[in-house]
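The next part holds the structures, each set out as C-alpha cells.
Presented sequentially are two complexes of chain A, the first with chain B as partner and the second with chain C.
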Partner chain A sequence: MAFFAGIDVGSVTTKVVITRDSELTAYHVVPSGANYKMAAQKAMEEVLAKAGLSLKDIACIVATGYGASNADFATLKVTDISCCAKGVNHLFPSVRTVIDVGGQASKAIRVNEEGRSTNFVVSERCAAGSGRFLQIIARVLQIELGDVGPLSLQAKKPVIYTTSCAVFGESEAISRIAEGTPKEDILAGVHNAMALKIYSLISGVGLEEECAIAGGGALDVGLIKRLEEKLGVHLLVPPQPQIMAALGAALMAEERSLALAS
Partner chain B sequence: MAKGLDWAKRLYENRSQRAKELREEGKKVIGYICAFPPRELITAAGLVPYRITGTLEPIAEADAYLETLMCPYVRSCLDLGIKKQYDFVDGMIWPHTCDNIQKTFDIWKHYVPHSYFHYLDVPHMPDPSSFEFFAKELDVLKGSLEEFGGVKITEECLKEAIGVHNENRALLRQLTGLRKQAPPLISATEMTQVMMAAMSIPVYESNEMLKNIIEEVSTRKDGPQNKATRLLIYGCEIDDIAFINLVEECGANVVIDDLCMGTRDYWKDVVMEGDPLKNLAHRILGEIMCPRTFRRSRGTRQQDLDNRFSYIRDFAKEFNVNGAILYIIRYCDTFEFDAPEVRDYLEEAGIRVLHLEDDYSLTSIQGYKTRIQAFLEMIE
Partner chain C sequence: MSEQKNPEATQEVPKRTSAKKWTESARKVRGLVRDMYVRAFTEGKPVAWVMFTLVNELFVAMDVVPVYPENFAGLCATKRVGNPFIDRAEADGFSNVSCSYARIGLGYAALWKDMGEIPSFAPDGGMAKPIMMVGSSLVCDTRYKWFQTYSRYMDVPYYAFDMLGPPASTAYRPDVREQYIKYNLAQLQGLVSFMEERLGKKMDWDKLDEIVRRGEKTYVLWYDAYMLAGGAVPCPFPAEDSFNCFFPAFFMMGEVEALDFYQGLYDEIKYKVDNKMGSIPEEKYRLLWGGGLPPWHTMQIFNYVEEQGAVFVFQSTYLPLRFADVPDRITDPLERMVHSRYEAAISRAELDRKLGLFDLCNFVGLGNPLLFVDEFKVDGVVMHWLRSCRGTTIGQVYQKNLLEERTSIPTLFLESDMCDVRDYFEADWKVKLSAFLETLEARKRAGS
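Coming up: the complex of A and B.
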C-alpha cells in the first residue's frame, strides 16, 4: 500500500501530512519564513524522516496554500479552500460549515457530504479577521502568540474595538495601552472584533451546523470562545487544526491515484 | 500592416495610435465615455469616435480632485485626462449614465482642456415620455456636432452611419458566435483586445478589421484549448485583459460576457426604418441592458426579475456555460445593488456564481487567483 502526501505552504507556516489508506501517518509544521521554496523542501524532508520514509515511497503529492507553487516536487496543485473542506470532512463528516482562520486570510466554506466545497467567502485582501492581526497585537503587547488565548479568557471588561482592520487595530491597541487598559481586556476586544468579522463572512455562505474551525487561528482558545458566543453554536476543533488543508491535500492525492488506477 | 488578431493586439497595446495619425491628417477625434453616447452621430458628422478608458496603473493625479470612495474606473479615466494622455482628443461627449460619470464631467471640463464638450442627458426610465425627451436630446447633440464639425447631418447620411455601425455590431455578434463551440474559436482575452481596438478606430476601419478577424479565426488551428469549465462574465467596464486572462489561465474558457465593453455594447442594433433619432433613442434607452436604467417593476416579483435578467440566463444557456463570475468594480453602486439579485437569479437557473468586488487595479486582480481556482474546483 502506497503513501501519499499533502503540503500546505501557508504565509506563516508550512504544513505537510503523510497518509496511508486515508489514515494519518505523520505530519510536520515548519515556519514558512521568507523563502517558501526552502520551507517546503525542509518540511518535506523532515516529515519523511519522522515517518522513516523516502520521497520515492510517496505515490503522489498535492500542494496547496498561498505558496503552493513553491512546492515544485508536488504532482499537482489544489486550492486550500477545497483541501480544507476535504480535510475537515474526513475528521468530522457531519460538518457543513468550516471556518478557516489562516495567517493571511480567513475563510468560511460550505462543505457537502462528499467533502467538496459548495460555496465559500474569503476575507477581502487585508488582514482583518486573520491570524496576522493576532500576531500584530501580540507584538504590540509584547507577549507570546501562544499566551494570547489563555490571557484573553481572563478578561474582565473587554474593550470595544471599532475596527477589525489590522493596521487601525494596532493603533487602537496602542491607545488602550496608553490609557492603562489591562492586556487581557485588549486581547478579548481583539477577539471580539475578529469574531464579528468572521461572523460576517459566515453570513455570506450561511451558517449550517455542524460547524468546525481550522487553521492556526483555531489554536487560540480566546478566539474560539468569542466566536462561539457570536455565532451561538459549538465549534468543533480538530486536534491539529492547522494541518487540515495539508491533510485534505494528501487525501486528494490518494483519490487522484485511485482514479488514475481505475 | 498587421492583419486580423495581430492588428487588434497592436491597437490594444497602443490604442491611441490610429486616432493620432488621423488627427495629423486633419480629422477631429471625439472622445466618449460609457456605452451610451451615439457613435452614429459622431461618425455622421465626419468625426472619429474614440472610447475613453482608464488604466490599471495606480492613480496619481486624480485623487487631488475626486474622493477615493468614488468609482475607481472613472477616477482612473480622469487621472489619464489630467496627465494629458487624452491630448489628441478634440472634444468629449459624456452621458448622464451614472452619477460618477455625470459629476466627473464638470471636473474634467474644468481641468482638461478640449475644444468641444457635450453633456448628454439620458433619462433613467424607459417610459414613452422619456423616449420623446431623449430623441430631442439627441437632436440637440446632433446640432452641436454639426456646428463643431462644420457639416450638416442629413437624414440620409445619419442613416448611412447607422447602417455602418449596425454592420459593426453584427460583425461583433458574428465573432461572438464563434465562441459557442467547444473549444471556442476565440478566447475572451483576444475578444477584449478586439473590442478595445474596435472602439479606437473609425467604424469603417473597424469593420474591415473585424471581417479580417472572423476570416482568420474561422479556420485557425491555434485557437483556445478546450477547458473543463465554460464561464460567463458579468460586470461593468473591463477595458484591460488582466482579469479575463487570469480567469482563462486558471483553467476556464470564458465564452460569453455581459459587459459594457462587450455584448452590452453591440448586442442590439438600431432599427433602420423610420426616424433615425427616435430609433437611436430606442436602442440606447430601451435596449442597452445596464442597471443604470430603471426598468419599472410590473406584475410579480418573478416577472420583474425575468424582465431585468432573463437575457443573462439566455446567454448562459445559448453559450452552454457552467458558471458565471460577477466582476463588480468597487463603489459602482449601480451594479453592486443588482449583484445579489443577479447571483440568486443565475443560481436558481442552475448556474454557479462567484461574486468578486474589485478596486480596478492590477495588484488586487492577482489576489483573486485562489478564489477563481477554488470556484473552478467547485464546479468541475
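Coming up: the complex of A and C.
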C-alpha cells in the first residue's frame, strides 16, 4: 500500500501530513516565515524523516494553502477550502458546517456527505476574525499565543469591543491596558468580537449541526467557548485542528491515485 | 481650435494585466480607445470632458471631441499607472473611499497643474485640454461634484444635468412618464444651450436628427448582439470581451464607426453561434458576472477561470439598454433621445416590478442576475464588492439572497476596486475563484 502526502502552505505555518490507506502516518508543522518555498521543502523533508520515508515512497502529493504554488514537488493543487472540508469530513462524517480559523482569513464551509464543499464564505480582506487578530493582541498583552485561551476562560467581566478590526482592536486593547483592565477580560472581549465576526460568516452559508472547527484558531479554548455561546451549538474539535487542510489534501492525493488506477 | 500637442506616453508597463480577447470585435476596441485620445489632440476640434451620460450624440452633432475621464481611469488601471494619480488626488484631501475613477482624473488634473504639462506616464498621451466639462446625475452621487472639481483644476466652465429614471412602483403610470420626459427634455435643452454658448454656434437640428436615428439603430444592434451571445452554448463572447465592447456604445454613440462596430459584432457573434463556436475548449461551468464594475487593473483574472474550464458567459454590469421603437410622431431629436432612454430605464423597472422586487430604482435592474441565470444557463454567479463604488455595489447582498431564495445557484463575492490596485489581493481572488469552481463541481456531482 502506497503513501500519500498533503501539504498546506499557510500564511503563518506550513503543515504536512502523510497518510496510508486513509490513516494518518505522520504530520509536521513548521513556521512559513518569509520564504514559502523553503518552508515547504523543510516541512516535507522533516515529515519524511519522522516517518522514516523518502520522497520516492510518496505516490502522490497535493498542495494547498496560499503558498501552494511554492510546493513545486506536489503533483497538483487544490484549494484549502475543499481540503479542509475533506479533512474534517474524514474525522467527523456527520459534520455539515465547518469553521476554519486560519492565520490569514476565516472561513465558513458547507460540506456534503462526500466531504466536498458545496458553499463557502471567506472573511473579507482584513484580519478581523482571523488568527492574526489573536497574534496581535497576544503581542500587545505580552503573553504567549498558547496562553491566550486558558487565560480568557478566567475572565470575570469581558470587555465589550466596539470593533472586530485587528488594527483598531489593537488600539482598543492598549486603551484598556491603560485603564487597568485585567488581561483575561481583554482577551475574552477579543474572543467575543471574533465570535461575532465568524457568526456573520456562518450566516452566509447557514449553520447546520453538526458543526466542527479547524485551523490554528481551533487550538484556542477561549475562542471555542465564545463561539459555542454565540452559535448555540457544541463545536467538534479535531485532535490536531491545524492540520485538517493538509490531511484533506493527502486524502485527495489518495483519491486521485485510486481514480487514475481505476 | 488650434491643434494640441500629444506627448505620446512611452513608459513600459510592468506586465500584461489585460485579458486575452476571444473575438475580432473585442480586439478592435483598443484601437478605438487610442483614437479617441489622439483625435482630441490632433483634429483641432474643441474638446469636452464628459461623464458617461447617454448623450454622446450631442457632441458628435456639435463637432466636439468628447473625452471620458471614466474611460481614462479604466485605461490607467489596465496599464497599472493609475495609482500615482490616485496618490496625487488623495494628497489634495480626496478620501481613499471616494470613486477611484474620480480620483484618477482629479489626480491627473492636479499633476498637470503642478507640472505645467501632461504627466509623461499618462497612457495614450493623456486627456487633451478641454474647453468645457459636462457632468450628470446618472447612476451615482459622486458625479455632480466630481466634474465641478475638474472645472476648478482646469479653469473651464462646467455644466451639470439630470437624467432621471423612475422607481419601479410608478414607472408604468402615464402621468409619471409625462413628468419625467418633460423634466429630462428640459435638462437636455439646457445642455444644448450651454454648448451653443460655449461654442459660439447653433445646433444643427437636421444633423442631430440623423445622428440620433443612427444611434437608435446602434443601440438595437448592441442589445441584440449581447443577448444573442449570452444564451449561446458554447459561449462565443465571454464577459471580458463584453466589458471591452461596450466602449463604442458608451463613448462613440451616434458615430458611423459605432454603428459599423456593432453590426460587425452582431455578425461575428451570429456566425459563431450558428456554427457552435465557443471560446474555451471545454465549457464545464458557465458563470455570470452578476454585479459590480470589473477589476480593470487585472482583467487577466477572467483567463484564470478559463484555464479551469469556466467561462463568464455574460456580465450584467454594462447591460445594453433595451430601446423601444420611438414613435414616428416624435420628430424632435432631443425628445427622441429622452423618450428612448426613459423607455429603456422603465423596461428594467418593469422587470423588477414583475419579479416583486424591492423598489430601488430605474437604470440598475435588481432582477438582472435572477433573470440571466435561467436564461443563459448559468451555474454560478460572481459579484464584485467595490470599495470605492457604491452605485454598483449597493443591492448585491439583496441580489445574492434573491438567488438563494428563488434558485439553487450559488454566489461568490470578490472584493477589491475597479481601479485602485491597492485594494486587490490576487492570491485571495485566485483561491476564492478556484474554491468556487470546486464547489460547483461538487454540486454537479451531487446533481443539485
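By our rule, the second predicted complex is superposed on the first by the 262 of 262 C-alpha atoms of A that agree within 3 Å, B and C clash if a C-alpha of one lies under 4 Å from a C-alpha of the other, contacts with A are read in each partner's own complex, and residues count from 1 in each chain.
In this section, a residue touches a chain if its C-beta (ideal position, glycine included) is under 8 Å from a C-beta of that chain, and two chains touch if they have at least 3 such contacts.
Everything quoted here is computed from the prediction, not taken from an experiment.
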Once the two structures are overlaid on chain A, check if chain B and chain C clash or fit side by side. clash
Spot which of chain B and chain C makes contact with more residues of chain A, would you? C
Which of the two partners, first being chain B and second being chain C, lies in contact with A:116: first, second, both, or neither? both
Look at A:80 in the shared chain and tell me whether it touches chain B only, chain C only, both, or neither; answer first, second, both or neither. both
When you line up both complexes on chain A, which piece of chain C, out of 4-12, 94-102 or 112-120, runs into chain B? 94-102
Chain B and chain C footprints on chain A, overlapping residues: 66, 78-82, 116-120, 122, 124-125
Complex contacts: residues of chain A adjacent to chain B: 66, 78-82, 116-120, 122, 124-125
Complex interface listing, chain A residues touching chain C: 66, 78-82, 105, 112, 114, 116-122, 124-125
Interface with chain A, chain B side, in the complex: residues 357, 364, 367, 370-371, 373-374, 377-378
Interfacial residue positions of chain C with respect to chain A in the complex: 385, 410, 413, 415-416, 423, 425, 427-428, 431-432, 434-436, 438-439, 441-443, 445-446, 448
